[in-house]
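Pasting the structures in now, so scroll down.
Same chain, two partners: chain A is paired with chain B first, then with chain C.
Moving on, here comes the complex of A and B:
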C-alpha cells in the first residue's frame, strides 16, 4: 500500500481515538456533564422531561439512551459538522469556533513566524561568530529565556507595558468604539491588541535560535563544506545551499509541530490577555461546564496537531531527499 | 638544515619534470602548550606523472602534508616555507602566495584532492549531478562538455553514469561515493590529485578495486597522484616512489622497490617488519617499541632516536640531513647511520627481541574434544516485518546471520573475516551472548545460554555471563572517560571476585598492568583514559576483560583502530594473555593479514563470512595458502602485499559492489560476483563440505570442491546473462 495513504489513515485513526477517549472519559468523570446539565437545566423548566430534549438539542445525545447509542449519535452528528450547541454562548459550537479561530490564528501564526525567522537569523549569526561575545551573551540569554515559561513573561509584560505605561491595552482583541471592517483605525487597533501576546511568545522562543546555532556549527565543521570550499564554489552558493539548507532542514518538523500546537499553546496566553480566541473560549467553556463547546474545542486542537504532523510527514520527503522515503534504495 | 638546495627558492633545480616542490615547508598551530609543529620543514620534489605513496602513522603529519600542497591547512594553522607548483608550460606558481581568488582557481583546476572524509564529502541535500554542475560553473567551465567528461570518468570507474548523476549521496554505498568523488575531483582535468587515506573506510575488495582503477586513471589522464596512507602494503604495489613520514618529517624518500627491498632508515625497516601481511614468515613480524612523539615535544636531533636501536650521541643532537642512499640518485634517507642500518639492524633486532614474542603454537583440538561454546543453526534478523495499519515502520527485515553452526573449543582462536555487513560482528556478539539469536541455539558447556532469560536481552546465568566477555573495536569509547584506570579495572574484580579485599585487588591490577607492559603501573593506575595512548587504552581494555577469568573473549576489530606499528604488539599480547589465562578468542576482523597473524600464531582457525553465511572455515595455513572458496580467494587477492607485483592478477570478482541485503541473491549468495559461477549456483545452495586433511582443517561451501557435482555440467554465468536477468537488478554495478 502506498505509505501516504497509510499515513492518512493513521491520522484519521488518531483523531477518532482522541475523540472517543474524550467522550468516554468525560462521561465517567465525577460530576459528569450530562448529570450536571440535567440538574442545571431541569429545575428551570416546567416539565423536567424537557431537559432530555434540551440535552438532545445541545449535545446531540439523548441521555436516556445507553452509552453506545449516545456515542453513535454524537459521532454521526460530528461527521455532519454538527458539534452541538454551546450552552454558555447559546449558539452552535461551530459558530463560536468560527468566530474564535481566526483571532487565534492571527496572533499565533505571527508569534510562530517571527519566532522562527528571528531564531534562524540570530542562530546563524551566533554560529558564524561561534565563541565570540555576541554568541556567548546570546547563548546565555537564550538558555535562560527558553526555560522561562512564556506566560510568566506575558504577565510581566502586561504589568509593565499595559498597566504601568499604558502603551498597550490590557486585554481584548479589537478596539472598542470603532466600526469593524477594512478601515485604518480598526486594523491598527487589531495589531495594537495583538502586539503584547505576540511579543511574549516571540521573546521566549529562544529554542529556535539555539537549535539553529547548533545545526549551523555542525554544518560549518562538516567535510562537505570543506570540500565545497576546495572546489571553489562561490560564497553565496556555500552559504545558501550548503550551510543554510542543511542547518534549517532539521527544524522543519519542529516548525510544523509548533504550527500544529498553536491552538493548544493559545489557551494560557489568551486567558492572560483576555484575548477572545479559541483558547479563551475553551477556558470559558470549562468554567461554565459548557460541555459541547469543550468537546468541540478539544477536537479542533487535536485535528490541528494531527494535520500539521501529516503535512510535515508528507512534505518532508520533498525538501529532504534523504527522507524521500520508501521507494528509494538504501544502498 | 643541511639541505644543499634549500636556497633554491623559486628556481626549479631538479630539471623539468618536477610538478610540485616543497622547500622547508612547515605547518604549525599555536596551542596553549606552545607552538605545535605538525609538519616540520619538509623538502620534497614531486615528479610529473608519478604516483607518490606517502606513508605515515596517525600523528605523523601526513594529513597536513596533503593540505599544504593546496595551501588548504584548516585555520588557525599556518603554512610557512615554499610550495611551488610548476605548470607544464608557464611560470612556476608560488602556492602559498596566491590571492584568495587565484587560490580558488588553482585548487581543483591544477591540483585537486580527495580526502579522508570521503563518505561525507557530498552535500546530502543536493544530487550528484548538481555537485558536478556547480563545480564546473564555479570555474567557468563549459557545463555540457564537463558533464560528458564526468560520464566518461564514472564509466571508467565502473559506475553507471546516468544513475550516479541522478542519485543523492545517501543512496550510494561507501565505495560508490568514493569513486564518484574521484570522478568529481578529476572533472576539471587537474594535473595532480592528492588523496588522503581515500580508502580507509572501505572494505578490502573495494579498496583493492579502487587501487587498480587508480592505476588506469593515472595512465589515461596523465595524472600525478600523491597517495597518503598509514597502510604501507596498500600503496606498495601502486606507487612509483614512496616517502615515509615520521614525527612530521620525512624519514626516507625513494623508489618504491628500493624502499621495500632495502629500506635504509631504521624506522622504515621497523615499519615493514611490523606490518602484518600474508606472505612473510610470522617470526619476521615484530612490533616497534615505544610510541610516536607529541607535536609540541619533538625530540631534538633525530626525532626517531628514542625508539631507534642504532641511536648514538650524534643522533641525539644533530638533525640528520638527507643522505643519498642506494644506487639511484633520488633515494634520500634522513639518518646518520643509514649504511649501518641496512647491514646491522637485522642483528640489532634479533638480539633485542629474540624471546619477546610467543612461539607459534598449536591450539587445534582433537575431534572428540568437548566444545566450549557451540553454535547451532544460529540466525539473527534485524528490523521488523510491517504488520498492518498502525505500524509506522516499513518492512525491512535484514538477515544478518543466516543459519551458522560452528564450535569454539577451549584455548581456541577463531577469527571471522568478511566485508562490512557480512554479519561477522553480529555473529561474534551472538556467540558471547550479547545478541539474542532469532533462531538456533548457543550452548556454553552444553548449557543453552539463553535458557531461563525469556524475552530479556541479557543472559540469566551469572556464570555464563562471566565466562563470555568482549573487547571493543574502539577502546576509547568503551572505557568510561570519567573513571580512573583503577576504578575501571576494579569494577569487574568487585563484581566477579567479591572475596578479594582492597589491597589484593590493587595488587592484582598492578601486576596485570605490569604484565602487559604498562609501567610504572603505580603511575598509570591513577590516570584517566584520555591520558592514555591508543595502544595503552587497548591494553587496559584487554586487562579489564581478562580480570574476570573469562573462557571466551570476543575481540571485535581489536587492533584495526590502532597504528600499524602497534598492531603486532597488541596481537602478541592477546596471544600471550590467552595462553596465560587459558581463554579462547573469537576475533572479528576485516583484515586478512591481521586474521592470519592471530590465527596462524595460535594454530587457530579463520572463518570467512559472506552475506550472513559462513562460506569457508579452516586453519590459518589452509585459508591463506590454499583457499578453496572463490570468495576467500578474492579476499586473498584484495589483501595488499609488501612487494611490487610486476604481473597483477586479474580482479577475481565480477562486480565490485555487494548486493542489497534486503534482496539476497538466490542459490549460492556469491553467484552475482563469483567468477566461476554457473547456472547451478543460481538455484542451488552449497553446503559446507569437510575438506580437512593432514595439512589442517577446512570446510568450504562451494560446488567446485565436489568433483562430481552437477555444477560442472551447467552453463557458466556470464556478465551479460546477469545484466539481462530481471531478478538481478540488485546487482549495482558490473565491473
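Moving on, here comes the complex of A and C:
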C-alpha cells in the first residue's frame, strides 16, 4: 500500500483515538464532568432531572442513554463540528475556538519559523569557524539559553521590556481603540502585540543552532565533500548544494517536533502575555471548570498538531528522496 | 549445575569417540589433540567452558569498572561534567540536609516584602505575606526532586519498554505498539497533562511526575524502536534467537546493554523536561498543592504583580534562578554523558589510562595526542 495512504490513515486513527480519549475522560475519569453536572449542578436546579438535559446540551452526552448511544451521539455531534456549549462564555465551543485559532497560529508559526531560520544561519556560521571565538561563545550561550525555561524568559522579558521600558504592550492581542481590518494601524498593532511572545520563544530556540552546527561539522568531514572539492566545484556550490542541503534535511524532524511542542508552549505563553489564543482559552476553561470548552480546546489543539505533522511527513518524502517505506520480517 | 552438565557431556563424547575407534590417536587423556576426518569430536567453541570461574566479586568489580570508574575517569577531564554534577549535588544536599538546617517558614514570619540581603534573619527577603523566601525555596527542592525522579524514571521505563518490544518483535505487535506510540507523539504534551491533572488532581509530587511522564515517553519509545531495528539484524541477536533464548532475557541481556548509553542520556534530558513542565503547571495554577514549590512561588509572585512592582521582584527572581540552576546542571551533565558514551572519547581515555594495555584498533592518532 502507498505509504501516503497509510500515513493518512494513521492521522485519522490518531484523531479518532483522541476523541475517544476525551469521551472516556469526560465519562469515566474520577472527577469527570458528567458527574460534576449531576452532583454539583443538579441539586441547585429547581428540577434535579434537568441536570441530564444540561449535560446533553453542554457535552453532547445524555447520561441516561446506554453507553454505545452516548458514544455514538458524542462522535456524530463532533463530526458535524458541534463541540458542545461553553458554560463560562455561554457560546458554542466551536465559535469560541474559531476566533482563537488564527491568533495562536500567527504567533507560534512566526516563533518557529524565525527560530529555525536564525538557528540554521547561526549554526552554519558556527560550524564554518568551528573552535573559534564566535563558535565557543555562541555554544556557551546556546547551552545556557536552552537551560532556561521559555516561560521564565518570557516573564523576564515582560518585566523589562513591557513594564520597565514600556516598549511593548503588557498583554492583549490587538491594539485598543483601532478599527479591526486591513488598515496600517491595526496591522502594526497586531505585530507589536505579538512581538514579545514570538521573541521569548525565539530566544530559547538555541537548540536549532546547536543541531545545525553538529550536522554541518559532520557533513564537512565526509568523503563526498572532499571529492566535490577535488572536482573543482566552486565554494558557493559546495556550501549550498552539498553542506547546507545535507545538514538541514535531518533537522526537518526537529521542526516537526517543534510544531508539536509549540502548541504546548502556547498555553503558558498566552497566559503570561494575556494573549487570547487557544491556550489562553484552555486555561480559562480550566479555571472556570468549563469542561466542554476545555475538552474542545484540547481536541482542536491536538487535531492542529496532527494536521501539521501530517503535512510535514508528506512533504518530507518530496524533500528527502531517501525517506521511504520499510519492510521487515516479524519474529 | 551448568558446569557439571557440560563436563559430563564432554566425558561422554570422549568415550564415544574412542569406542567408534580405529583411530590413529590412542591417548585418551589428551582429548584436545583428537582430530578426526569425520569431524565427530572436533572441539567446538560452543562447548568450551571457562577454565577460571568468575566469582561474584569479579563480576561486581567488572560492573563497577564498566559503569562507574571508566565513565568517571573520562568525565573527570570534562569541565561540563564537573560543573553539572556539582550543581546537582548541591541541589541534592539542599533537598536532604538543607531542610534540617533551615527552619520552615509560615505567613507573618517576618515583615511583608523584605528585600534580599537587607535583614539577615531573612537573607533572600520575604514575600507579601511575610514568608521567608530562602526557606520556601529550600523546602521546595524536596518535592521538585521527587517529581523529577519519579517522572524521569517512569518516562524511561515506559519509553524503553515500548520501543524495545515493538522494535524487536515486529509484525502485529509492532503495528499495535507503534500506533499507540504515534497517537501519544501526536497529542501535544502540555494540554494533555493539563486535562489529566484537572480530572485526577494529583497531589503527591511523585504522582505529578508520573502524570507528566504520560506526555513525554512516546518520543523516546520511537527513538529506541529505531535503534532496536538496527540491532535486531545483528549476528549476536540472531545467534541468541537460534539458541532459543526467551525473548525477555534476549531483550534484557543482549539488546538493552547496547542502548544503555542512549537511555542514560535520555534519563537526564527527561528529568529536565519534567521539571519544566511541572513548574509550568504549578505556575498556571492548575495542579493542587499543599506545600509551596518553585512553580507555586512564581505563580503567587506573578499574581501579586511582581512583574511591575520593584519591591517584589526578588520574590519572582529567586524561584526563576532555582529552576534555571538545576536545569543548567542537567543540561551540562547530559552533554558530558553524551561524550562519555561516545566511543571515540572512550577509546581515547583507555589509551591514556592503561598505556601499555590493549590499544583500540580504530581511531588513528594525532589529534588525540595533542589533546591529551
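Throughout what follows, the second predicted complex is superposed on the first by the 307 of 331 C-alpha atoms of A that agree within 3 Å, B and C clash if a C-alpha of one lies under 4 Å from a C-alpha of the other, contacts with A are read in each partner's own complex, and residues count from 1 in each chain.
In this section, contacts are C-beta pairs under 8 Å (C-beta built on N, C-alpha and C of every residue); 3 or more make two chains touch, one makes a residue touch a chain.
Being a predicted model, the structure only gives us computed values, none of them experimental.
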item	value
Clash or fit, chain B versus chain C on superposed chain A	clash
Partner chain in contact with A:149 - chain B first, chain C second, else both or neither	second
Which of chain B and chain C A:241 touches, first, second, both or neither	first
Touching partner for A:223 - first (chain B), second (chain C), both, neither	first
Touched partner set for A:315, first chain B, second chain C, both or neither	neither
Partner chain(s) touched by A:297 [first = chain B, second = chain C, both, neither]	second
Most chain A residues touched (candidates chain B, chain C)	C
Touched partner set for A:249, first chain B, second chain C, both or neither	first
Contacts of A:283 with chain B and chain C, given as first, second, both or neither	second
Touched partner set for A:10, first chain B, second chain C, both or neither	both
Contacts of A:233 with chain B and chain C, given as first, second, both or neither	first
Listed stretches 200-208, 218-226 or 236-244 of chain C, narrowed to the one that overlaps chain B	236-244
Footprint overlap on chain A, where chain B in one structure and chain C in the other make contact	10, 13, 328-331
Sites on chain A touched by chain C in the complex	10-11, 13-14, 17-18, 22, 25, 29-32, 143-144, 146-149, 151-152, 155-156, 158-159, 163, 170, 257, 260-261, 263-265, 267-268, 271-272, 279, 282-283, 286-287, 294-295, 297-298, 301-302, 305-306, 309, 328-331
In the complex, chain A residues that touch chain B	3, 6, 9-10, 13, 222-224, 226-228, 230-234, 237, 241-242, 245-246, 249, 320-322, 324, 326, 328-331
Touching residues on chain B, where the partner in the complex is chain A	70, 72, 74, 104-105, 107-109, 112-113, 115-117, 119-127, 134-135, 138-139, 168, 170-173, 184, 389-390, 392, 394, 660-662, 732
Touch list for chain C against partner chain A, complex	168-174, 179, 182-183, 185-192, 194-196, 198-201, 219, 229, 232, 241, 247, 272, 276, 279-280, 283-286, 298, 302, 307-308, 313, 316, 320, 323-324, 327-328, 330-332, 335
